[in-house]
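What follows is chain A paired twice: with chain B in the first complex and chain C in the second.
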Partner chain A sequence: MKRNFKKLPLLFIFILFLVAPQVLDNYFIYLLNLFFIACIISMGLNILTGFAGQVSLGQAAFFGIGAYISSLCVIKLGLPFWLSLPLGGVMGAVISLVIGLPALKVSGYYLALVTLAFNEIVNLIMIHWKNMTNGTDGLTIPSPKLGDFVFSTDGSKYYIIFLLAFFLFIAARNILRSKTGRAFISLKDSEVASQCIGVNLAKYKIIAFMISAFYASLAGGLHGIALSYIHPQDFSLFRSIIFLMVIVIGGLGTPGGPFIGAALFTLLPEALGKFQEYQELIYALILLGSIIFLPSGLIKLPGRIITVANRVSPKRQKSMPPA
Partner chain B sequence: MFFEVRNLSVNFGGVRALSHVSLDVQKGEVHSIIGPNGAGKTTFFNVISGLIKPDSGSIIFDGEEIGHETPWGISCKGIARTFQNSQLFITMTALENVVTGMHNHTRSGVFSSALAVPKFRREEAEVLQKAERLMEFVGLKGWERYPSSSLAFGQQRLLELARALATNPKMILLDEPVAGMNYEEKQRLALLLVKIKEEMDITTLLVEHDIKWVMQVSDLISVLDYGEKIAEGNPEEIRNNERVIEAYLGKRRTLA
Partner chain C sequence: MLLQVIVSGIIVGSIYALVALGFILIYKGTNIMNFAQGEMVMISAYFGLMYHIYYKMPYLAAFILTLLTAGICGILIERIVCRPLLKSPVMSVIIATIAVSIIIKNIARLVWGSIYYPFPSPFSLTPYHLGPIMITPKDIGTIVITLILLGMLYYLLQFTKIGAAMLATASNQKAASIMGISIKRVFSLTWAISFGLASAAGFLLAPQVSITPEMGDIVIVVFTAAVLGGLESLTGAVVGGVLLGIVGNLAGFYISTAFKDVVSFLILITILMFKPSGLFSRGAMRKA
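Showing the complex of A and B:
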């Protein structure tokens, strides 16, 4: 009984989002599409940085790898979208294994440095390998088809994106509640204790990195169909930094943090309108503000308000644990 | 011999932290290592658990050389430990800490966990139950859902012990287990050590400063001083050993 009740809010949210495109206008559906794509990246990065404690500055590269590989499989090889999307994800994971293996065998910030360089390299390849990627002219991407049905409207693409995001959310949640998830948290909390209870540090850091790359690459494939167009600029190092920023602002290592971060990531550029060029500045200010006032992220804002309120009127006592 | 250390030496730069230390531990024994500050006791533990590589010498556990194993390899072979400064997983609850200790006794991989297949669910339920039993065993029943950081200092040590026991070890290393405990807690831990030995058949190797407590719980005691083993014997022998008294209190000086 208790178990079923626990799942009720999740089911409610699922149904809410399922019917949402029926009532929303196109622009909102388009924004929701971008939001879910950002959610997928943030969820992956949250596993890596928030739970396993490793920093990657190359998520945009994986985002791009997924986008280009899945699109090129459709355009050049004529594969169906349903095959090329997972293919892009798997390729992203394989590439992350290759660059993660040397970087994660040693502890420290090597991964951040390696992924930073990696992002630049991948971005340059996208720009200069013109006969494959079409360079800075970008690639136009055909809409996915299922039988005779073409997913050409934002509303129809929404279902692909939302259902995959929801599935990946459940998968991430399950992983974090498993042996693998506990190993991630343990190596962030205490590497020393973690290895002494039998956690193979390098192995689990690499698994976390591969999961984050897999998520980012899948998000890339979805990004391609959501916009029907991809451009190397979408996958620059600056994007990677922003991905990292939004999950810090949202709340690192919390289950809900990535979603708040993703919402910010999606809405801020829209809200800025013609002040787009100040985007970097505004992100930086929000980051500084949140580190100073809300070090555990926006997700903790309600709790923080309660704490401050209690400080002002300290009447209520906290309940005591058993003796 | 169940656990055998031969001529173990460790240098940090020019400092010799351990110098030709040898030690034999019988199965089921409670063996304590004492010595003044800086004698190399914790270094000795760090070498056994694989955190520091020895410069020379060998460590044989259950018939296998483990001197060059990784810490997780050593854990798999059946050596668990606790730490002098609490190394709990502070963002987890008390129970999760113990469950995490069962890392190598859970099989579900990334995919079966992600999809929450029935096998995974069954295994999780089993692991949870086992962890609850272990928490009861060390006397932390009722604290399962609390954040591990909210526990009192003495309780945190017990939780570390429960987490170490969760790895299903053949031998545990306890680094200053009663530091910061009051008399009652110390007595409770002494009783617990007897239970660990008799009910779980686990050998205990411990480092401790509280000599009175060590004398009470140990079968054998080894004394380290400046990285060298200067004595070994039962509590009575150690109490009367000239070199040990000297190491702790200094040489008797005669006035000129």
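Showing the complex of A and C:
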């Protein structure tokens, strides 16, 4: 009985988002679509970087691999979207072995370099393999169909994206609560110690890479249908940096962090309006500021304010009982 | 033709070597992998442009002034960004230096725009013919300046007290500070020297390619050069830089220019996968 009550807030949020498109206007639905896509990537990356402690600067590559594979399956092979989307995800996970395997040998800075190089190679392939990816002209993507119904409006696409994001959120939560999730956390804390207690390092590192790549690739497929258009620039190294930034600013290794980061990432370009040319600069400044002053992320901001306030006002400190 | 491609590879490679050297200095000396090294090359080229063209300073004065400006930038970045992160995990440092590189790039974009600026070389461009090879005084100048800088660095590290302090700090920070070396000052100096090298590279690279805010993208080639040399050794960085210049030029000439970058990325991944300790070290080491 108690267990069921715990799930109530989650159910409430679910219903809230389910009815949201009925009341919001198109532009907000479009933003929500982007938000959920960002959430999916950050959830995957949070598992890899936040929990398993593996740095990745190649997440945009998987994002792109998912986007291109799932849309090329629809365009060139004529597969239905419902088949090509998971296909893109699975392919992304398989390709992640390419960087998952070197990750067994290297970590830290070296892993960052490997994933960075991987991202650049994938991006160059997207640009130069013209008869497949259409190069820098980009690729226009048809809307998914279910029977006679065409998901052409943002409102209808919203349901695909939101339901999948919600499902993936539950999945991520369950993974982190399972044996696998605890293995990830132990990996991050100490590789040596986790090996001593019998955690198979190689296995769990590769699982973490595959999960995060699967999430990013699915998000890529959704990105394709949400925008109806993909371009190699969407999957550049800069994007990978942004994804890493999303989870770091939100709060690395916290369950709620990715959502705060993703919201910031979706809203900031809109909030800037005509100051678009300053967008990268502002991103970078926020990033630098949060790394230096708020290393545990925005999610810890309220707690941090309280600590600072306590330090500043000696009155409150006096009234507190001695530790 | 092959010989010509190799020679021009060496010339580009010597510029890579300078940047890689600065990169290794910081990595070895302060345990920070500086992702902003390439942007420093780029912004220095703009500084050079500013001093040399706008303020009409003579080449040598502009060169020295650019070196000093870059050195000050290095000290500032070390002081503002890297010192607060000394005890932070690797990831914070990676992200912070990447953020710095984005900031520098965007400042350049906002100030100078995305226009190509040509940069004159003080040396003449009429080539000498040495058998099958053509070489311009500009190329010779590039190599000579590189060699002079390498010599100065070697002298600094081997024969001066400051150099000894830097080497001591690189090998053991705690022991060095017990011996009375001010670690903080050494760190500042390391960043200043490293950025000085990067700015010299920017000055030499600018006449070869036009100056754009995207010029800093050579940083990835520099990473590869540094990894090729083993990330620990200064000689390795120089050899790695020159080697990569040659390989990149060969790939660009015989396969396609688009393939030039792919080759350096592939080398980077392969080396990190199979021999993360670099080409020139004995025995594979596990790198963390």
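Everything that follows uses one rule, which is that the second predicted complex is superposed on the first by the 302 of 323 C-alpha atoms of A that agree within 3 Å, B and C clash if a C-alpha of one lies under 4 Å from a C-alpha of the other, contacts with A are read in each partner's own complex, and residues count from 1 in each chain.
Everything that follows uses one rule, which is that a contact is a pair of C-beta atoms (placed from the backbone, for glycine too) under 8 Å apart; a residue touches a chain by one contact, two chains touch by 3 or more.
Quantities reported herein were computed from a predicted structural model and do not represent experimental measurements.
When the two structures are aligned on the shared chain, A:Ile13 is found in touch with neither chain B nor chain C.
By the touch criterion defined above, A:Met132 reaches neither chain B nor chain C.
After overlaying the two complexes on the shared chain, residue contacts for A:Ala309 are found with neither chain B nor chain C.
Residue contacts after overlaying the shared chain place A:Ala193 against chain B, while chain C stays out of touching range. More residues of chain A lie in contact with C than with the other chain of the pair chain B and chain C. If you check the complex, the residues on chain C that touch chain A are 33, 81, 84-85, 88, 90-92, 94-96, 98-100, 102-103, 105-107, 109-110, 220, 223-224, 227, 258, 261-262, 265-266, 268-269, 272-273, 276, 286-288.
Those residues of chain A that touch chain B in the shared complex are 170-172, 174-175, 177-183, 185-186, 188-190, 192-201, 207, 211, 253, 321-322.
Contact residues of chain A toward chain C in the complex are 49, 55, 57, 101-102, 105-110, 112-114, 116-118, 120-121, 124, 127-128, 238, 241, 244-245, 248, 252, 277-278, 280-281, 283-285, 287-288, 291-292, 295. On the chain B side of its complex with chain A, the touching residues are 49-51, 70-72, 74-76, 80-81, 83, 87-92, 96, 99-101, 103-104, 106, 108-110, 113-116, 120, 124, 142-143, 146, 150, 163-164, 166-167.
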